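Below you will find the structure I want to go over with you.
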Amino acid sequence: MSNHHVYKKVEIVGSSTTSIEEAIEHAIAETSKSVKNVEWFEVQETRGHVTNGKVAHYQVVLKVGFRVEST
Amino acid sequence: MSNHHVYKKVEIVGSSTTSIEEAIEHAIAETSKSVKNVEWFEVQETRGHVTNGKVAHYQVVLKVGFRVEST
Amino acid sequence: MSNHHVYKKVEIVGSSTTSIEEAIEHAIAETSKSVKNVEWFEVQETRGHVTNGKVAHYQVVLKVGFRVEST
Amino acid sequence: MSNHHVYKKVEIVGSSTTSIEEAIEHAIAETSKSVKNVEWFEVQETRGHVTNGKVAHYQVVLKVGFRVEST
Amino acid sequence: MSNHHVYKKVEIVGSSTTSIEEAIEHAIAETSKSVKNVEWFEVQETRGHVTNGKVAHYQVVLKVGFRVEST
Amino acid sequence: MSNHHVYKKVEIVGSSTTSIEEAIEHAIAETSKSVKNVEWFEVQETRGHVTNGKVAHYQVVLKVGFRVEST
Amino acid sequence: MSNHHVYKKVEIVGSSTTSIEEAIEHAIAETSKSVKNVEWFEVQETRGHVTNGKVAHYQVVLKVGFRVEST
Amino acid sequence: MSNHHVYKKVEIVGSSTTSIEEAIEHAIAETSKSVKNVEWFEVQETRGHVTNGKVAHYQVVLKVGFRVEST
Amino acid sequence: MSNHHVYKKVEIVGSSTTSIEEAIEHAIAETSKSVKNVEWFEVQETRGHVTNGKVAHYQVVLKVGFRVEST
Amino acid sequence: MSNHHVYKKVEIVGSSTTSIEEAIEHAIAETSKSVKNVEWFEVQETRGHVTNGKVAHYQVVLKVGFRVEST
Amino acid sequence: MSNHHVYKKVEIVGSSTTSIEEAIEHAIAETSKSVKNVEWFEVQETRGHVTNGKVAHYQVVLKVGFRVEST
Amino acid sequence: MSNHHVYKKVEIVGSSTTSIEEAIEHAIAETSKSVKNVEWFEVQETRGHVTNGKVAHYQVVLKVGFRVEST
């Protein structure tokens, strides 16, 4: 059995009308539907769209890291 | 009529005693007083001042983008 | 008496199960236990750990600045 | 129905013997064969190979963004 | 009379359905409508939107520099 | 009355035949002619022109920050 | 037949208890199990975990590039 | 005979009144007059001068790589 | 009892006449003499000195992270 | 006796009403009061405060490096 | 006759016991001994050595640009 | 006699089938054939080529610094 792990990082953009944290949670939840073993995230960019002088939604660009199960 | 748009980005610092999101909203609201067609923002830096071991206020530096109406 | 100040910045990682702002507050509070005159912070990175498809905790890497009292 | 979207970005390198724009088009066309809902791209690097003192081909590294259809 | 100049840089986004160069020209032309003495530009980002697997338009983010006429 | 401030940053290039500090002072002085409440600056780039193997003038690119007076 | 190639880059983290080179080899070997035509890698970050004052394992974050076979 | 190569990179600025690609070709052609074995280039910056509200010429800053022939 | 941790990062330069890995080990070992709970490191820069056309020693600049024990 | 050295870098902000060089000297002098074997510095940022359209003081953020005496 | 120019940039480190400006002048003067048509410089890094708690000399890393005379 | 030195940095890519350190040594050795007074190097990038799921060779991009002997 191997004593080392390999991980992969994918770049995901989550959005939320409410908060930066919720945009992160949305990105993590969606990634976890198709990928197992999600372990961490790193925020790359925080941005958003504006409508009528208010934030319409936050967009957070994340690197999401997961452990690759060796085949 | 033109089929392309031109946008301008300005750099604005919003602050809030409460949250990063409120600091962003303050910056967007103030920009929208003098500029029309604000469409998006990009967070450049998040920082803040500290008093007595607590965050006194958050400061968020944003690029704010708006569409230029051709004259 | 001197008319100039010297500051030092240290790099601190705070964490929270709830929000980015709470992670910042935890880092500032802990730094203030051992350092006087904390005046500002700058967010360097925002990241976190994931368990079961949800954010387990946010980790925020800060530069924390404080005034050095000349001896 | 959800009022938020999740996007994914993949990193693609297109090439062309002719122009930077054609290298971008090649990368977008190839990505669109295997991915639906491609919405935007961001140029990361522009480079190329040289033969006999002339550009043999341009290579453009792109982030390509597409909307993830929630399952 | 002063022997030094002061310049200002503004951040402008031009777009084009055709080429990166045309997007730059559009941004320069629009800036020159409201600002005198435009002297140079610096490309910050090159990106674009995609429709049906093709580039719908290029977007080029520029810093545009112009000489400030001292008052 | 509001308990928060909004700031704007503009990008200015000052020059001087003598020193980096004088180039900064020239940029600040010119900005202060058209903008009130200038509070700080951040050096972005230091560069210059050369004639006959000597520095002809220094050019310093600054972000200059000022407080926006809410209307 | 096309005279141009398209490549894709994925971000992989390899680890090793022994050396940076072995961590790279582990990442490349694992990627090659699921992807054909791996051609190059670019080191993004080198880091590691520490136990009892010694390096427990090295972690190397790589971009791994492979040629996409047009369908 | 050695089984490894050494390369050198030089930084060159090409210009063109017409296009970014032509500015790159001009830089490559000039470099190839004095250096053998030019193999690749990497764009570092794209910028240009403006006259009367139009691009007067594009300037592209390149790293140009060539193989060093071992002596 | 608290359910969150605070970490501190310090910047250390290790050196070795032999390898990058040994330079990292030297930095970690020295840091662990004065700091408890060292958990990870991040390589910031790899450089070195040259004597007589050979590497005299490698220098590796690290961020070293350790858990702060709350008082 | 060891044939290698370990160094530490700390981040210090010096200020001066007069010049960038004096701000650097103030930071170095203050650091040298509490740390032995200071050997080098690296400027990270140059900034300052403005009062009445003039530079009130320069602030220079430095990394200051010193040799750690092995215990 | 060609209507375009090609420039080359070289990376030079100047030093001075006195000031950043003098370190720049030393680097420019030395470069001009072996290269014609030096036209501009760009500061990359400012650093220095410290002896006995004082700056022993400033070191400024410059890109120095000169026009290549076509052969 | 002058009390200051001027240095030049050149950008060199070394390669090795074996290790990152050997790729650095190859680059330093080759540079030292044509340049005197090589004093230091700085790693810019570490990358490599892959054949059959294994690292075929490491490529390390270095800045190599040497003292210029004033003429």
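Each chain gets a letter, A, B, C, D, E, F, G, H, I, J, K and L, in the order it is written, and its residues are counted from 1.
Heads up, the rule we're going with is that a contact is a pair of C-beta atoms (placed from the backbone, for glycine too) under 8 Å apart; a residue touches a chain by one contact, two chains touch by 3 or more.
Per UniProt, the chains are A, B, C, D, E, F, G, H, I, J, K, L = Dodecin flavoprotein.
The structure displayed is predicted, hence computed values, not measured ones.
If you take chain F (Dodecin flavoprotein) and chain I (Dodecin flavoprotein) together, the chains in touch with both are J. Under half of the residue numbers found at the chain I (Dodecin flavoprotein) and chain J (Dodecin flavoprotein) interface occur in both copies, marking it as a different-residue contact.
Note: centroid distance chain D (Dodecin flavoprotein) to chain H (Dodecin flavoprotein), computed from Cα atoms, is 23 Å. Computed from the mean C-alpha positions, the centre of chain A (Dodecin flavoprotein) lies at a distance of 33 Å from the centre of chain E (Dodecin flavoprotein). Chain D (Dodecin flavoprotein) and chain F (Dodecin flavoprotein) have Cα centroids lying 38 Å from one another.
Residues of chain K (Dodecin flavoprotein) in contact with two or more other chains: 10-11, 20, 33. If you check each pair of chains against the touch rule, the ones that pass are A-B, A-C, A-D, A-G, B-C, B-E, B-F, C-I, C-J, D-E, D-G, D-H, E-F, E-H, F-J, F-K, G-I, G-L, H-K, H-L, I-J, I-L, J-K, K-L.
Only residues 3-11, 63, 65, 68, 70-71 of chain A (Dodecin flavoprotein) touch chain G (Dodecin flavoprotein) when the two sit together in their complex. Of all residues in chain B (Dodecin flavoprotein), only 20-21, 24-25, 28-29, 32, 38-43, 64 touch chain A (Dodecin flavoprotein) in the complex they form.
The touching residues of chain E (Dodecin flavoprotein), counted against chain D (Dodecin flavoprotein) in their complex, run 19-20, 45-50, 52-55, 58. Listed in rising order, the residues of chain D (Dodecin flavoprotein) touching chain G (Dodecin flavoprotein) in the complex are 10-17, 23, 26-27, 30-31, 33-34, 57, 61.
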